[in-house]
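Order as written gives the chain letters A, B, C and D; numbering starts at 1 within each chain.
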Amino acid sequence: MADLRETLRDRDVLRSIRLSVLTSGSAALLSFLFGTPFAYLLARREFRGKKMLESVIDLPIMIPHPVVGIAILGIAGRDHWMGKIIGALGLRIMGSTTGIITVLLFVGLPFYIDTVKAGFEAVPRRMETVSRTLGASTASTFFRVTFPMAWRSMVVGMILCTARAVSEFGAIVIVAYHPMVAPVLIYERFTAYGLRYSQPVAVWLILVCLVLFVLLRLFSIRKPTDRKN
Amino acid sequence: MADLRETLRDRDVLRSIRLSVLTSGSAALLSFLFGTPFAYLLARREFRGKKMLESVIDLPIMIPHPVVGIAILGIAGRDHWMGKIIGALGLRIMGSTTGIITVLLFVGLPFYIDTVKAGFEAVPRRMETVSRTLGASTASTFFRVTFPMAWRSMVVGMILCTARAVSEFGAIVIVAYHPMVAPVLIYERFTAYGLRYSQPVAVWLILVCLVLFVLLRLFSIRKPTDRKN
Amino acid sequence: MISIHNLHVMLPGFSLRAVDLHVGRGEFFVLLGPTGAGKSLILESVLGNVHVAIGQIRVNGKEVTRMPPERRGIGIVYQDQALFPHLTVARNIAYGIRYLDGDREDAYRRMDALTDRLGLEDLLHRSVEHLSGGEKQRVALARALVVRPDVLLLDEPLTALDPNFRDEIRDLLKSIHEETGITVMMVTHDFTEAHYLAHRVAVIRDGVIEQIGSPEDVFRRPRTAFVAEFVGIRNVFEARLVGKEAVVEDVCFLLGRPARDGERHVAIRSEDLRVLGTATRPAGDCENVFEAVATKVVHKGFVSDLFLSVHGLPMRATLTTRECIDLDIREDARLALSVDPAHVHTF
Amino acid sequence: MISIHNLHVMLPGFSLRAVDLHVGRGEFFVLLGPTGAGKSLILESVLGNVHVAIGQIRVNGKEVTRMPPERRGIGIVYQDQALFPHLTVARNIAYGIRYLDGDREDAYRRMDALTDRLGLEDLLHRSVEHLSGGEKQRVALARALVVRPDVLLLDEPLTALDPNFRDEIRDLLKSIHEETGITVMMVTHDFTEAHYLAHRVAVIRDGVIEQIGSPEDVFRRPRTAFVAEFVGIRNVFEARLVGKEAVVEDVCFLLGRPARDGERHVAIRSEDLRVLGTATRPAGDCENVFEAVATKVVHKGFVSDLFLSVHGLPMRATLTTRECIDLDIREDARLALSVDPAHVHTF
């Protein structure tokens, strides 16, 4: 316990946890912005190559994290056309907060899209049809029917995305050892000073995860299904 | 391409990929053995603290991987009663294959249990009731009705578990830097020699993941739902 | 034979309270009630799928309340058939044979006879997935019967079927019951099915049995307003009952027998109202001939509904459309109406 | 007014082929057919939810084939109501008002009138979740009508309701249609509903329209064996037709008019068979009086089914139970049977 309190006075620990939370939150926000229309498209439209696209989205869940980091560095490198665009925009991936957020978006977005897609699919199409026949355009229908019925899944998706991002280590350690997010700090403490010194930081990070976890449970509680007779 | 072929002649690479596949496969097998009855229990029985238990199972998905590694080392340490048991059994966690499998089981089991639980839940209880009324015991019913209808989800669960395990890095790097699994090797090559030297290994590991991914898609294809009129 | 004694089942938000039922050997018994009344819950209790808080259940004299389903000697056919999708029709039907004591040969002979009887010979090697609803229901029936259960439970076996299969399966249930003499307990929300099939019915509402009796009894002599309306009696009124008279607003009905103490309702089936003709007859105070005005006439194929106002009291009569046309009954027509005092039911 | 011209819709495993339909202004039109026949697909085409491969759809003269649903002037009520669960009853009903051109005040007055008419005043501030099926259906109806669509589509609006609500909503649909004079196109698989509600019906099978006509017409004069059986004609036979005679096995039916070329079936409704009594009358060769043996008598409440053998030909008659008892018809009784030549339908 004394260890825990002392750790809180450690500036590096506080800074790394803050950075973890901020970058993860940013990734969740970006997921919301880019992922929502995409999830809607996947839930409502049929098109050629849809199965393929869904597979590609799920891919980051299965790729080893250091490989993810290496892939991102490869793409953002000077030899790659995307790297050139990124460079021209004045952005730096390697060893920067931008880089961390990019990594976290990459690993977190699939969780967001899968969750929100399921949320949209749970809104019966008939509701949207009814709304359309009553005069609402596609956009009005989205905001007056689909969104109010699916927003919960967006919150859940953002929490999942944040949680996944907070716990990311393998990809970040490749792309940006510094600035140091909490998992990297824990790793450094472990390798430099051993198990004992890494544990207090680990406990604090777990507490952050637990808060997210409780939020998740609160929002994803299903209504008790009606008794079937 | 030349890089890729050359990498294949590298004994360390081959050994690390083989170790990755073997340890991940073992974790999947152990998940099948321990996870299946557990998933059945969660799908079919109501009991006090079930919600709590489900939360605990999902927890490893959200905890940062280095923290997972630190937790496992903490528990397996000589100060902890579980560590004493493990020691008395002659098992070593730190820096051993046993340690790697333990870590992979820890991170992979939740995926297996979640998938198989959903698989069991998709078998209508009425089928089991009918089987019972026809004279079959609980065990016969499981093997003649529930298993044939749910085995697909077990295959999917094992593939998911393997895929998750193959891609694990953050927890393994804490518990067992040696013997070296593929993601750790990639990380080492990256830190020691830079991006170029880590990429060929990364590509080989991705190929392993892709095979798993294709298997997953093959087994989790849903039957086309009947047209609703 | 099924005996249910003082059965209590508690679920979150719903409970069965003090259910007492006795189904005799070879009887076709129907549990009747609206959706959510708890009839399926009684079935599940007999099956052994729910925790029985208080009470006993006996099947053929054997107490089964705490027994696992496989030892109760019960067969079940569900609304959705619950056929095993990974087995062929033949393997579905033969599923229970291996658990039988005694001669297997015999069981397989019985299976052959059953598949013949149910017209399933040509389907035996088919997958169950692409069968029609009626075929599925026959397979489910064969599967349940081949192990010769003491008791057969049917959970809304006709509800999910297309109307043309419904009649076929209903007739089949009746004849199979007659041929095998098996004890049957069926759940349905459709009174016509019950009327056609049952020896006795129990009407259930909110977990409590409101009335048990022969279909004719429940149909003719409901004991509560709920039962009366449930069995399709359109004319149910609160009344003042004195001696052999029942007074509803300005109308006085003559009864077949003196009213009993505590009775406060009259119920008259719409088909028991006879239209004597369009000529008006002066209605004496209490001779069960009434002057009525037709407010609406609805032809529904073979039968027609006639909405009437009898001295301001809204009533409804059912006639054949033929009668309706022969008597030239139209809206606003003045009619003479009569009802046999024996058909004025009080409760 | 809805015109559908040469409509083709292709889905994987199913297609609508060359559907032509015209629903007149103010007409109540019913699409009738078994599950999977494609009737709902026609509805979805009118709504604009499926890709129309070939063909045109017009609503009130306006070509809408490629228009988005919100510009078609169509209202829809679904079987499952599809009420917006996050809105109160009032907000559900008022949902479409903001998209109306013209006077909003007027729309809100109309909404008040509608909620009064449909008995929803007391529910306005309730959540839609705990309403009964009948209440939900009335809310869905109000929601669709408040924006005054040119055309109202009803997708099996009675199917999911409990039987007691079913009659209520059916009557309501009829009277609302009469009061508003709106054009209605309804989908159902229940012929009785169609018979009660429709001006005209179209019978659909496997994506193709088999017959269009008044319910009476389809009921009395089906044009195919499928339609005949679908509308509940129990006696449908292949026959040799010569002049005013139809010969089925050993039985010869006299027709009301000479048979037309190409006709090969006779159909007789079971309720058109009249039982003259249990005394046997010698049956002349072709005078439509037959000698019959009752093989089974089934009482079903108000009506009874009589299974007959007419010189070996299995037939079925429907009588009122009263008649059945008055004539003392039992199994194996010998009967004299007649049928009006005008009721012997050929096709």
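A few remarks follow.
Everything that follows uses one rule, which is that a contact is a pair of C-beta atoms (placed from the backbone, for glycine too) under 8 Å apart; a residue touches a chain by one contact, two chains touch by 3 or more.
For clarity, every value in this text was computed on a predicted model and none was experimentally measured.
Both chain A and chain C are touched by B, D. Ranked by C-beta contact pairs, the top interface belongs to chains A-B.
A centroid comparison over C-alpha atoms places B as the chain most distant from chain D. Chain B and chain D have centres, each the mean of its CA atoms, that are 56 Å apart.
As a whole-number value, the distance joining the C-alpha centres of chain A and chain B reads 22 Å. Per-chain CA centroids place chain A at a distance of 53 Å from chain D.
Averaging C-alpha coordinates per chain places the centre of chain C 26 Å away from that of chain D. Shared interface positions of chain C, defined as residues touching 2 or more other chains, are 35.
For chain B, the set of residues that touch two or more other chains is empty. Residues 34-35, 162-164, 189-190, 192, 195-196, 219, 229-230, 271, 298, 300-303, 318, 320 of chain C are the ones that touch chain D when the two sit in their complex. Chain A makes touch with chain D in their complex at residues 124-127, 129-138, 140, 144-145, 148-149.
Against chain A, the residues of chain D that register as touching in their complex are 47-49, 68-70, 72, 74-76, 78, 80, 82, 84-86, 95-96, 98-100, 143-144, 147, 149. For chain A in complex with chain B, the residues that touch the partner chain are 55, 59, 62-67, 70-71, 73-74, 77, 163-164, 166-170, 173-174, 182-183, 186-187, 190, 195, 198-199, 202, 205-206, 209, 212-213, 217.
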